[in-house]
Amino acid sequence: MSHYYRLVVSCPDRVGIVARVSNFIAGQGGSITEANQHSDLTSGRFFMRYEVVAESLPLDAEGFREAFAPIADEFEMQWKLTDTRRPQRVAMMVSKESHCLVDLLYRFTAGELDCEIPCVISNHDDLRSLVEWHGIPFHHVPVDPSDKAAAFAEVERLVEEAQADTVVLARYMQILPPALCERYAGRVINIHHSFLPSFAGARPYHQAYERGVKLIGATCHYVTEELDAGPIIEQDIQRVSHCHTANDLVRFGRDVEKGVLARGLRWHLQDRVLIHGNKTVVFA
Amino acid sequence: MSHYYRLVVSCPDRVGIVARVSNFIAGQGGSITEANQHSDLTSGRFFMRYEVVAESLPLDAEGFREAFAPIADEFEMQWKLTDTRRPQRVAMMVSKESHCLVDLLYRFTAGELDCEIPCVISNHDDLRSLVEWHGIPFHHVPVDPSDKAAAFAEVERLVEEAQADTVVLARYMQILPPALCERYAGRVINIHHSFLPSFAGARPYHQAYERGVKLIGATCHYVTEELDAGPIIEQDIQRVSHCHTANDLVRFGRDVEKGVLARGLRWHLQDRVLIHGNKTVVFA
Amino acid sequence: MSHYYRLVVSCPDRVGIVARVSNFIAGQGGSITEANQHSDLTSGRFFMRYEVVAESLPLDAEGFREAFAPIADEFEMQWKLTDTRRPQRVAMMVSKESHCLVDLLYRFTAGELDCEIPCVISNHDDLRSLVEWHGIPFHHVPVDPSDKAAAFAEVERLVEEAQADTVVLARYMQILPPALCERYAGRVINIHHSFLPSFAGARPYHQAYERGVKLIGATCHYVTEELDAGPIIEQDIQRVSHCHTANDLVRFGRDVEKGVLARGLRWHLQDRVLIHGNKTVVFA
Amino acid sequence: MSHYYRLVVSCPDRVGIVARVSNFIAGQGGSITEANQHSDLTSGRFFMRYEVVAESLPLDAEGFREAFAPIADEFEMQWKLTDTRRPQRVAMMVSKESHCLVDLLYRFTAGELDCEIPCVISNHDDLRSLVEWHGIPFHHVPVDPSDKAAAFAEVERLVEEAQADTVVLARYMQILPPALCERYAGRVINIHHSFLPSFAGARPYHQAYERGVKLIGATCHYVTEELDAGPIIEQDIQRVSHCHTANDLVRFGRDVEKGVLARGLRWHLQDRVLIHGNKTVVFA
């Protein structure tokens, strides 16, 4: 089976970027299977993602990077080249609610998520058996409210030990300390159980129930220091009515949450999500 | 063609309400074509809506009301009985944007809205020709920012003159004075161009664009004194992406707005919307 | 915690049904928590579902049935009274694809499906470990194409032994013999992986891909002798585009299928689905 | 305000197409505002659409075409270059139902449809006043069932006289003769009031009602000789239930139809729809 290189670029927009990049790839005989570009007219910034059949090139990933670097410099690119043979390592963090984790583990098993899952970390021990049945190490790191720093030091150690590229908060229900957010900026994905910016903070379904909204939602976003305010990757909603109690909203919400998180994570793992200030470009 | 009585009730929930009401109707030989009930377990309040074929009863609407009043008293009901032969009178208020008005006038013409439209009132003269082509009187009431009271006095006079049961703010873009809101409480319907409670206030699509949301929405609600905070009747959304400018969001939003407003108004006109505190029960 | 009786009725429509039934319940002091009615104007048939707090009545289920029988006779009702203390027993049948089963087992565990699952039956042994991890017996009944009758005799024996009220074909991929369909009429639920009546039969996602549709769907329906033609309980769709291969459609479809099947089964288990000829009334 | 050239290409996929085309444009100093590509892996065909700011180029449209022709030949391209200063001319055809026409005329007026509408042709005279109020010529061409050929000869003459690039069947309800379909292949857009391939042919909402589906839909497609079988541009659906009569389905369907047709037409007018056998690539 083929593997691919994915070239992801953002840079100031100007004439000739696509020509230069596509020329470079064609000059190496590279076969492009998917190409996306976006010119943001407001900010004057340009974004692109190219997927190239690795076997069509005479270069390995490192060779590609070296050869491409002068072009990147010339156009002041922020860029990366990933190789699909080296899947990302994703550490999952959960609390007691299992719906997102069950869903992600199913998708992982079914081959929908191109990653490795070196570990699951939780502040409760409830989901150990589920995780271990999937053959994945489970770490129980209780969070003592009077000494959260100790817990998060341990979390950070475990994430580092796992050599995680990405951390997924699959209903972790704890707020990560700013230093951790910053260290893993753009690599921590959270699922918030409301249609942000509505109902940020705690108990969003109960807030939604009190307000009498006719739709509830969920939001997958990158974690930043400001709670529930990071760049949004994906959102979705579910219709509700006066018939539904706050508990029904919670139940419906579980389905929305898992769909939204799974799509957001899949796109992230395929290098389809480019951060642009506090927004995202998603080449879905 | 048949006409109908619609009996709409809300009262404290207790045993025997449905039995008493349905017995009363059956005792008169009444043929029920649609029946809805809702018990709100949180508040202990009960809601019902019955649609009865008028010809199946020996009573006219007034006779029905008299005969029913003792039951209503016994169960402490808030209630009304409407007769579909007497359609509501709906005064529309607009500004310059025509999309909601065009849509409502089409639906009115097509028989989707069971009402009369005695007039359209606007703070601009732009939509006169459109309205008059439909054979509906158009009133231009400019709103001078330095003397809004005069304008709203004229608006109130026109609404009263039109004997309007319901006022629809079809993108009117002006804030009604509190006294008017109170006088027509539960009878003024607004379309807000965001998925409330997100992005209340001005320029919601631009707020949404700045926040980088992946869905935009619209909300149809009853107007109360507090801006964009009244009971929600209906909401809907449209998916957007990084490809879309703020202007695209405005364009998409027009479609969502008109659908949401049309559904909300239709349900209101059919007595399907019952206000319950700051929420609604919608027997859609 | 309270338990409930659910009274589900269909009968020829005429004046006084609701009055008689609600009088009966009120006369016993019964507290109704949910009530739904539907008059089908085309066929002249009436449908209702009442949920009554069991503790509010002086009758047990059998006593209720006896006391209610004369009313049922008078109105020529097809009816049943169920008691939520006696959850349905659901036998699941699967093949190799696990997505629907994983989803249903999660929901079962989370308390979303009010039932017991006495067993899972499969023509392959692949999902044994998953099922047994949930503490549910797994039966492997291979289907030899040259002697299907033997396999289905064994299936029928297992279903009977399990005292199953309902059979769910959670992507079973085998056609049940007519006798089994008839014996369990209205109690076998299938998920078909297309938006019926489009793409009945085999490989529907590949049919959809060939036709170039822009939406794919799934359909949950009762099984009848005619393939993919039974009463539809629930359907849903997912948007697709030219970017998506037939395999992508299969992947998207899995999500649609599991949502549709879960909703259909939940409604069935709550006695919300009433069969009406080849259609359904769903009091969702 | 800027105008744009749109270059739309389909050709056998091979290495170097994007490089050659983007080099050509960059070599002229062309500023690309939107670029889309698609490689169909099944058929080995490549599709692209580039939108270039006209003022950024030293060439006019004819000059562009001449300079580009050798590249097109080399890569065996089917291609066209359009200039947004020369909007398409769209002849609309309608019958008695106005919902799609009202919607398209609103969008035309609001600037959502970048085209001219030289005329509306109808087999009935009902919509004359509506059309003429918009300042558009209306032609009444009755279709005598015993001599359809005469009517369609007149239709063809009017379409030709209007110099129409595109013909929109906005619920025309007559089947165009094969010769006309062929002459305007890929340029006649129809809205079919079902979710094709379900319910092709007559009275699809009534077919849907009889089958008891839980979703109804509409399909915008190019017209080919085979009825309701041409390449699909866009589809959408609306949820329905047992509460809804066949007439309700018709009413809901109107909303779905107008949305689907408006989106399909808009994309067609922006050269976003590329026909690929009996399917479409839509760069929406």
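Per-chain numbering from 1; labels A, B, C and D assigned in written order.
To be clear about the criterion, a contact is a pair of C-beta atoms (placed from the backbone, for glycine too) under 8 Å apart; a residue touches a chain by one contact, two chains touch by 3 or more.
In this text, all values refer to a predicted model and were calculated from it rather than measured experimentally.
Engineer: Hey, what chains does subunit A share as contacts with subunit C?
Structural biologist: Looking at subunit C and subunit A together, the chains touching each of them are B, D.
Engineer: Among the chains, which is located farthest from subunit B on the basis of C-alpha centroids?
Structural biologist: Farthest chain from subunit B, going by C-alpha centroids: A.
Engineer: Can you compute the centre-to-centre distance for subunit B and subunit C, using the mean CA position of each chain? Integer Å is fine.
Structural biologist: It comes to 37 Å between the two C-alpha centres.
Engineer: Between subunit C and subunit D, tell me the centre distance in angstrom, where each centre is the average of that chain's C-alpha atoms.
Structural biologist: Here the centre of subunit D sits 41 Å away from the centre of subunit C.
Engineer: Taking each residue of subunit D in turn, which ones touch at least two of the other chains?
Structural biologist: 41
Engineer: With touch defined as at the start, can you tell me which subunit B residues reach subunit C in the complex?
Structural biologist: Result: residues 15-16, 18-20, 22-23, 25-27, 29-35, 37, 39, 41, 56 of subunit B touch subunit C.
Engineer: Provide the residue numbers of subunit C that touch subunit D in the complex, in ascending order.
Structural biologist: My answer: residues 38, 40-42, 195-199, 211-215, 217, 231-237, 241-243, 245, 276, 278-282, 284.
Engineer: Residues of subunit C touching subunit A in their complex?
Structural biologist: 98-99, 102-103, 106, 110, 112, 133, 251, 254-255, 259
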